[in-house]
Structures are given as C-alpha cells and as structure tokens.
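What follows is chain A paired twice: with chain B in the first complex and chain C in the second.
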Partner chain A sequence: MKRILSSVTDGKGFDVGLVVLPLAFLFVMSGLPLVYNVVMSFQEVDMFSLGSFARPFVGFRNYVDLFSQPETRPILFNTALFVVASIAGQFAIGFGLALFFWTNFPGASWLRGLFLVSWVMPGLVVGAIWNWILSGDFGVLNFLLRETGVIDGNIFWRSDPNYSLWAVIIANIWLGTSFNMILLSVGLSGIPKDLYEAAELDGANAPQRFWTITLPMMRSTIGAIIALGLIFTLQQFDLFAAITSGGPNNTSNVTQYWAWDLSFRQYDFAKGATISVIMIVFVMFASVVYVRSTRHEVRG
Partner chain B sequence: MTLQIELNGVNKFYGAFHALKDINLAIEEGTFVALVGPSGCGKSTLLRSLAGLEKISTGQMKIAGALMNDVPPRKRDVAMVFQSYALYPHMTVEENLTYSLRIRGVKKAEARKAAEEVAATTGLSHLMKRYPRELSGGQRQRVAMSRAIIRHPKAFLFDEPLSNLDAALRVHMRKEIRALHDRLKATSVYVTHDQIEAMTMADHVVVMRDGIIEQQGRPLDLYDRPANKFVAGFIGSPAMNFISATVAEDGTHIVLDFGKTQAKLALGSRLASGTSVTAGIRPEHIKVVAEGQGAFDVPVGIVESTGSATYITSATTPELTIVETGRGGARSGEIIGLAIDPAQLHLFDTATGKRIESENGRVGIEPPIHLHLAGHAS
Partner chain C sequence: MSEQVRNRLMLAVALVLAAIYLFPLYWMYITALKTGSAMFATPPKFWPSEPQWSIYADVWQSRNMGRYLWNSLVIAFGAVALISVLGVGCAYVLARYRNVWVDIGLFLILMLQVLPASLMITPIFVGFSQFGLLETPRFAVILAIAAKSMPFFVVLVRATFMSVPMELEEAALVDGNSRIGAFFNIVLPLARNGILVSAILIFMQAFGEFVYSKSMIQAVELQPASVGLNSFMGPNTNEWNNIMAYATIYVTPILAAFILLQRRIVSGLTSGALK
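For the complex of A and B:
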C-alpha cells in the first residue's frame, strides 16, 4: 500500500507498475488460454469432462488421430494456399498502389486515405459485400468477366469446389491491400530523396533505381509486412464464416475455421485445440521474423 | 581554353517565384568555380539545374559544348557531392564507389580495381568493407568525393559539402578538395554560403543574391574592387564598415555621417554635390594611431583579442570594426586615432548600391576631428 502511494506521490515504483499491469493483462487474457489450449490438446475432452481441468491425458493421440483423418491434408494445403495467395496479392497490389501514390499527384494523400475504408470494415461486412459481387447468377464479377469475354458461363464462386477457396482469397486480398499499402507508403517516405538524386546522377534509370535503392531500403518494411500478413491471414475467420463456411465439402476450409468448427460445432474440443497448437507454431515463427526485421532497420 | 559549362540567359521559375534571373556564366575547362551567396540566393538551384535535378524554364545550358536543357541527369555525365553526402546506406564503401560503374555494366573485377585505385588516393583503402553508418563525418565526406572521382565526369558539382563537418576538419578538407582539383584538373562548381571557402578554394567566384549574379571574377578582384555594396559586405571577414556620407558643396569632399558628429574626407575626383554615397572601408585597412594623429578620432567600445589579432569596435554610430594584428594597446573607453589608407576607401551610390569609381581611386583626408560616443557631451 505504501509502495503504491509513494508511486503516486514521488513516482517511485511507477515504472514497475507500468510493466506489471500490461504483463498481468497479457498473462490472464492470452497466456493462460494459450497454456490451457496446449494442455487440452494432450487430453481427452468430451462434453462431460468439459467443466473440469483434470481430464485424462492421452499423449499425442489427438495429433495422431488428426493426421489420420482424410480431410486434414487438404485443409492444411488450403491454408497454405490461402496464406501464400493472400499475402502475394495483398503485397503486390499494395506495393503497386503505394508506389503510385508516392508520385504525389494532386489529391494523392486524400485518395490514399479513402483506400483505408476497406481496411476499417468488419470482415463480416466485407464478406456480405463480396457475397453479392461473387453471386453466381447476378454477381457483378461474373457480369464483368462475361462481358469482357473471359468466361462463357457463370462461375458459381461460392459453391463450385474449384473456386470456393479463391472466392475467399479474392475478398481477403481486397480487405488487406490497403493495410499493406499504408505500411509500404510509410516505408517509401522514409527513403531520403537525395539517394534517388545521387543514383540518378550515377546513371541509374528508373527500374535500376527501384532494384538498387527502393527494394533494398525497404527490406525491413517488407519483412515486417510479410510477417504481419502471415499473422493476419492465419487469423482470418470472418470471411470464411460469411462467404463459404469452409464448404463445399471442405474445399475452402482452412485450419483457423476448422479449429472453430471442430470445437464449437462438433464439440471435439481436443482436436480443435490440437489444430490451434499447430497454428501457434507457425504464428510464432512469423512473430520472430517480424521482430527481427523491425530490429534490423537500415537507415542512413 | 575551351568552355566546359556555358549558361546563356537562364531563368528558373517556381510558379510565380523567379528563382534564377537571366544567369549568364561561362566556365572554362579545369576551373574551380565557387557559387557563393546568402541562403535563398539561388546558388543551389543553379547547381541542381546544372546536374539536371531541376529543369530550367528558359535559356540555354551547355556542358562540354552540348545543349543540356532536356537531357536527364543520368546522361549528363556530371558528378555531384551532396551536402548530406547521400551515401547508399545499404551498401559498403566499395559498393558505393562502384555503383555508377556497375550500373554502366562495368565488370565486377574491373570496377573493384577502379575503386581500389581511387580509395588509395583518398585514404579509404582500409574502410572498403564498412557501411556508411560505421564511418565518421570526414570519412563519409571522402566516400562521397571518391564516388564522384571514380567516374571521371565532365564536371564535379559540390553542394555545400563541408557544412556538416566541424571547423578544424572543414579547414583541412578545404585544402584536400582543392589539391584534388589540381590533381584531376577537372571542372568543378562549388556551392557554399561561406565566403572564406569561396575565396580560398576557387579560381573564379560568382556572388549571387535573389537569383541574380551580383558579381563574378577572381577572388582578389572581388575583394579589391567589389562592384556593389552587397558584394563589398559579403566578401571579406569581418565585414566591411559602411558609413553613409554626402558629397560636400564643393564636390571634392565627402562628409561622413556619424550621427551627432561628422568627418570630412577629400575626394580624388569631383562628384555631384549633395549626392548620397556610402563609404566602405575594410576593418583590416584601418590603422590605430595615437589620438589626433589619424584621419579622425573615435572612442573605443569593445576590444576582443584572439591572440593573433585584436578586434576593436568603436563606440560610434554606425560602429566601426578595426582589425589589428597582434595584441594592440587599445582599451575600452579611451580615444584612439584612425588612419585610413585613401586607396582602400570604397564609395558606393546609396540609391543603387553600385560602386563609384574615382579617378585613380585616391581620396584625401582632412585634418583630424573628434567623434564622440552617442549621448556623450561633445
């Protein structure tokens, strides 16, 4: 009590308080559930043992069972495809837009701000919008593709097993592009202008300047953005719930949606936890990449 | 000598702002030219226009005889040393040096050899594997220069390259840059706001103000015969003393106006009586003599000594600054006589600021008079 009081009067111990409070919050809200989840993946959990923590341990049986299920491999592959395609699309379009707005034409910053609208929208709303766009008979995307002659008949994006995952990927690219663009814009504006002038006088043309100045100077930003992209796409749940619900026949199912489906729709909490643990490993890896690339900033 | 850089009637507008006004400049091959002037005078704009980083609005710009108006920077074959050095932070010293060669498709081994040769002359050989952030200010400066040298460009452009260095290093690098220029015999254009740098380094000094060239010529010519009051005040340190004066009724004298008192000096030539003029005399051209022995007497205000020189500021309006070599004996508050070499007196038209040339430049001095502290009983 005296300590707390003294931290108010003379500031002593205030620094400790600043550290302890968020750490306690993190521990209670993230740390404990995480540990609970990991423990649960090694237990036998059913509806009756759900209320108690003391459940029979089964070792790696949940993991073995999971990988013997026929849908596991396709879902893992879907997840990989979803992550790679989403990040590639978000990054490529985001970088293109960032470079475009970097030319600073009149109204550039205003327009760039407008692009953020896609990012502030809830995933469920984005999903609903894309449901209309992707709709088989009346969808505007089909209309555009048909009128430009790319396709002959309508594509049923959400119910065709060949396209269902891509329907979510397209929506996710749209959702994440502006975030990529903003971070990349910040990175671009951090490159001193005189480097480009020096390179120009040294004889470099525009593509050469991009490869030898822009890209290397953006390395840490790009590393951070890819790592964040990996984390965000592995968290993407709303779009699956809104657009395909993982169907048809798991063709658009990914681990994060499957974990929820197993736990809360099939009440197989142990398998849901097991899938989550596998994802934690990937996210941890991404976090390390993110921390490392933001630490190794190269600035004049 | 052939002309390496030629500017004819060059103008530059930023919207309504007229940054460069009808600039004419001819620079011979191998000359070291300094562009000097206060900030905002257009010297950097002129340099950047030469590099191609700014596009001139009207006029002609030629480098080595070829019209450069619409040629992009990378095809001008000029090298620039930036104020910030603009070293590529993600490249080692060696990569910084070889960048321009590699861009041009020179083989790696060949480029490395060239870099090593340049590094040997600029003392960077042991730093080739370092990154710019691991170098001191002076070393970065050397890398920036080496990066320019390695290309053998048609001209070197320097944009205040020494302004980020401390005073001692600046004096040292000044000599080094000049020595380098003498060795390479390349045409150099050097922008600075420091007239000492301009005077000590350049063969040809261009003084600019508000987008126009006020005067250009050899450094000592500018010092000896400044074309106007601005150049007179800008060149030389400490700055020239200016005293407003009027031509007396006889037209052969000027009356220096020190507020409450006046001093009369004879002119070598005749001027229209009543003309307002400004008399200029450099601090180093005034000699301190005993009271009553000089052209006029002044009370001493402040005395500052650097050991090698003594700076005396008179307690008059306007103040006069006098530089004496050595320690001097003047004390604050005492009255001293000032002797002025008539040949060193400059006259400027007060209205236009232009230099007034008198025949043979002689100005005679009347018998001494007293100048008193403002507010002092006279």
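For the complex of A and C:
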C-alpha cells in the first residue's frame, strides 16, 4: 500500500494517474457513445424503447431504409457541394490574404490577427448576422449587388431553392477564411528567405517563384489545412440552424444537420444514428489524412 | 523613402481589406441602433441617423438576457474547469515522454477532436437520458462539451509543456522535490500562460456552444444565450434590430477579450493546429 502511495506521489504512478483519469473520461464520454451509435444504427429505436437497453435488432434495415428515401441522394449531394465550395472559397481567399499580409509591413501581424474575430464568435451569432445580410427584400447584400449591377432583381437567398445552400456557403466561407489565412501565414513564414533570393538571382519572376518555391514548400501545410477544412465544414451546424434550418424542402440540408433533424425533430433516433455512423466514418478518414500530414510535427 | 511609401500603401490596402471583411460585424452594430422603419429603408443607411441607445436595455429586459447569459457562463465555466483539471495532467504526461504509447494516445486524442457534435449528440442524448443525466441538463451539457473540447485543449497545452525545459524539473527533483512538488512548483508556473490562453479559447467555444444545449436543455430557465438567440429568430421575424442588439450584447464581451489577448490567442491557436 505504501509502495503504491509513494509511487503516485513520486514515481511512475504519478504519470499514470495523470493520464488514466482523462483518458477514462474521454473513453466514457466519447468512446462509448461512438460504439453506442453503431449499436443503435442496427436497432429499432422509437420513443417507447428509448429508455430501455433491450431494443430489437433489425440488421441493416435502417441503412436500407435510409438509402431508399428520396431525399437521401440530394442531401448527400448538398453535403459534397457544401464541403467543396466552402473549402475552395475559404482556401482561395485565405491564401490570397495570407500572401498579401506576408509582405510584412508595420501593423501587418496585428491586422491579420484581427480577422480571426469571425472565428471566435459564436456560430449562431454569425448565422444571425448573415441571415439579416442575406435577407431578400431588405438585405444589404442584395442592395450592394444591385448597385454594382451584378443582379437586376432581389435574390431570395434563404427561401429560393436555387440559392438556399449558397446562403449558408457564403456565411461559412466568411467564418472559415480567417482561420485558413492564419494557418497559411504560419506555413508561409516557415519558408527560408534565401530560396527566394537565390531564385531572384537566377532570374525567376514572381509567378515562377510562386509556382516553383512557394507552392512546393507549402505542400504539407496545404494538405493539413484542406483536411482541417474538411473536418470543420463537416462540423458546421450552427449556420444551418440560424440561416435556413435545412429548408426550403431540404434544398439546403446537409448530413450533419439532417442527422440532428432526424433525431430531435422527427424523433427517429435510429435513422439519426445511422447517418451519424456513415458520416463519422468519413470524418475519421479525413482526420487520418490530417494526422498523417502533420505527423512529423506531432512526433517532433 | 520609397520603403516608407510602400509601407503606407500596404497598410492602407490592408485596412480596406479588413474593413470589407469585418463589414458583417459593423452591420450588426449599426442595425441594432436603427429604428424599425430605418431598418427597412431602401437604400439602407450605413450610418444610423437617430441611434436608439435604449434598445440594449429593452432587449436585455424583454428577452430576459441576464438569465440566458448566466446559464452560458455556468456552462462555459463548468466546462473549462472540468477540462483544465483533467486535461493539464494529460497534456503534461504526453509532452514529457516519447514512446509508442504516447503516440497512440495522441493519435486517439486527435481522432476524438474531429467528431462533429451534431453527429455525436444522438448517442450522447440517448445514453444520458438512460442514465438519468438529463435531470441535470446543464451538467449534462458541461460533460458533453468537456468530452468534445478536451482533445483540443490537450493538444494546445501539450505544445506549451514541450517548451518547458525538462532540465528545470530534473534539477528540482535532485534538490529533493517529489514529482508532485516539482510539477506544482516548477512546471505548472512555467506553463501558466499557455494553459491560460488555451482555457480562454475553450471558454469562448463553450460560451457559444449550441448543438448540445439545444438538444439536451428543454427548460427555458436553464438554456444558454445561444439557444435564446435561436428561439428569438423565428422563421418570419422582422425584429432584426432587436435580434442584432441581442447579438451585440452576447458577442461584445467575447470580441473585447479577443482583441485584448489577440497576440497570445493567435500564437496559441497556430501552435496547436499545426504542431
């Protein structure tokens, strides 16, 4: 007994104690729900059997049912579009801004940091602001687009089935651009300056330097940021709740909102769990890519 | 001289870019001060002609914001406390050793970091309701947020511990400190700033958390400000000045804290996400 006690205060037991408790907490609060999620996706879960553990197993019926629903395919397509468009927008604008602030003038780093306010704000507040900006008749975005002659009539961003998903994408690009920019800036500042001096001596012009030095040197950073972007866009829920609620008629619905909607609006917990399982497998795959692309730094 | 001109020019362009990017924020502050009719004017005014300063007090009272913000604070402080108590030690051990087990632990933690809350809420909700945790919904939300955010905290704080020289701790051990003594007297004070910044980041996240609170807290008296904002925004609302006033009251403390601590938060964030 005394040996154990002294090990805890002054030996290996100290480290083990420090690490076991949090890992046990994470196992109970994240690991078990993951397993439970898979179990539920093979069960029949309704309001009556919600409280009991002994629910009838139905095999793959939830999966079969899910994919025979007419809205499944459009929602999966929406998710892909949401992810690709959001990441493309965030990355392109973020990279442009990062390159601009890389030129390093007085005040650059402070101003660059200021952009990050979009990222620390509660997602629901961001959603509320964009909901108002994107409003059809009185939205300021429509006004600006009209004044600059881009559009003739008002676009009803939130209620027009052709635009509802883009309303959320615009808000999400705004939200994520700053984070992309900050991480890309870190990557840019890691490129040795003498590479550019050497290239300049060899007579390479600015676009050539960008394609032959900046991009290749940034490859691992870009890989990590794209993977992180995938992870973050698949986590995005608040904007959907605040701007379109997945409507009208599921035209702006994506899987991560749909899973919640199935469980908590339609009380179909089995279907909610089923779509969750599918998406979690997908997210896990993305995070393996992310961890691999930062692995040398994780170890180092 | 040309250097100075170039710097001025770049700064001017940067300010314009920042102004464009931060316009939505400006629009929130401006809309809150507009009257009901000024809000729907075409063309919209970009400067309120008769600012309605009383709107903040009105919204605070009519939406019962004190209660909402108090619940947000309870949830955020609870989550930060739980995460700090559990996460600091974990990060310390993961930083101090380098072997296969640490690699496996880190990998698992990074994997847990990426699970979307809106997908995890289904099993968490069902499990919590079966174990009676939903009787104390705010505590249930704190547990769920802690599980969600602790991996991020551990990654950030581990980077801080990595920068504390191990020789200092070894010297304290040689001087007769126990492991516990060395940890609390030497290592922890040296890592204090990094831990504080990480805790602030977690606090900001938890303060704005929505999915878990929306799903698990049914009683209005216990709901945080994010859920309150959500129920304020009906599908056909036209109270946008009031909603923006609500958003202003909710978000301004966070923005003020962020601007004050900007440098530390940005450097803490980047060290965690890419290292």
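To be clear about the criterion, the second predicted complex is superposed on the first by the 285 of 300 C-alpha atoms of A that agree within 3 Å, B and C clash if a C-alpha of one lies under 4 Å from a C-alpha of the other, contacts with A are read in each partner's own complex, and residues count from 1 in each chain.
Everything below uses one rule, namely that a residue touches a chain if its C-beta (ideal position, glycine included) is under 8 Å from a C-beta of that chain, and two chains touch if they have at least 3 such contacts.
Bear in mind that the values here come from a model prediction, so they are computed numbers and not experimental data.
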Winner by number of chain A residues touched, once chain B and chain C are compared: C
First, second, both or neither for A:40, with chain B first and chain C second: second
Which of chain B and chain C A:264 touches, first, second, both or neither: second
Chain B versus chain C as contact partner of A:21, first or second or both or neither: second
First, second, both or neither for A:113, with chain B first and chain C second: second
Chain B versus chain C as contact partner of A:231, first or second or both or neither: second
Partner chain(s) touched by A:150 [first = chain B, second = chain C, both, neither]: neither
Chain A positions touched by chain B in one structure and by chain C in the second: 298-299
Partner chain C, residues of chain A touching it in the complex: 9-11, 14-15, 17-19, 21-23, 25-26, 29-34, 36-37, 40, 45, 50-51, 53, 97, 100-101, 103, 105-111, 113-118, 120-126, 128-133, 135, 137-138, 140, 143, 147, 174, 177-178, 182-183, 186-187, 221, 224, 228, 231, 234-235, 237-238, 241-242, 245, 256-257, 259-260, 263-264, 269, 272-273, 275-276, 279-280, 283-284, 286-288, 290-291, 294, 297-299
Complex contacts: residues of chain B adjacent to chain A: 51-53, 72-76, 78-80, 82, 84, 86-91, 99-100, 103-104, 132-133, 147, 151
Touching residues (chain side chain A, partner chain B) in the complex: 192, 194-195, 197-205, 208, 212-213, 216-217, 219, 298-300
Residues of chain C defined as touching chain A within the complex: 6-7, 10-11, 13-15, 17-18, 21-22, 24-25, 27-28, 31, 39-40, 42-44, 86-87, 89-90, 92-94, 96-98, 103, 105-127, 129-130, 143-144, 146-148, 150-151, 154, 178-180, 183, 201, 204, 207-211, 214-215, 225-226, 229-230, 233, 235, 240, 243-244, 247, 250-251, 254-255, 258-259, 262-263, 265-266, 269-270, 273-275
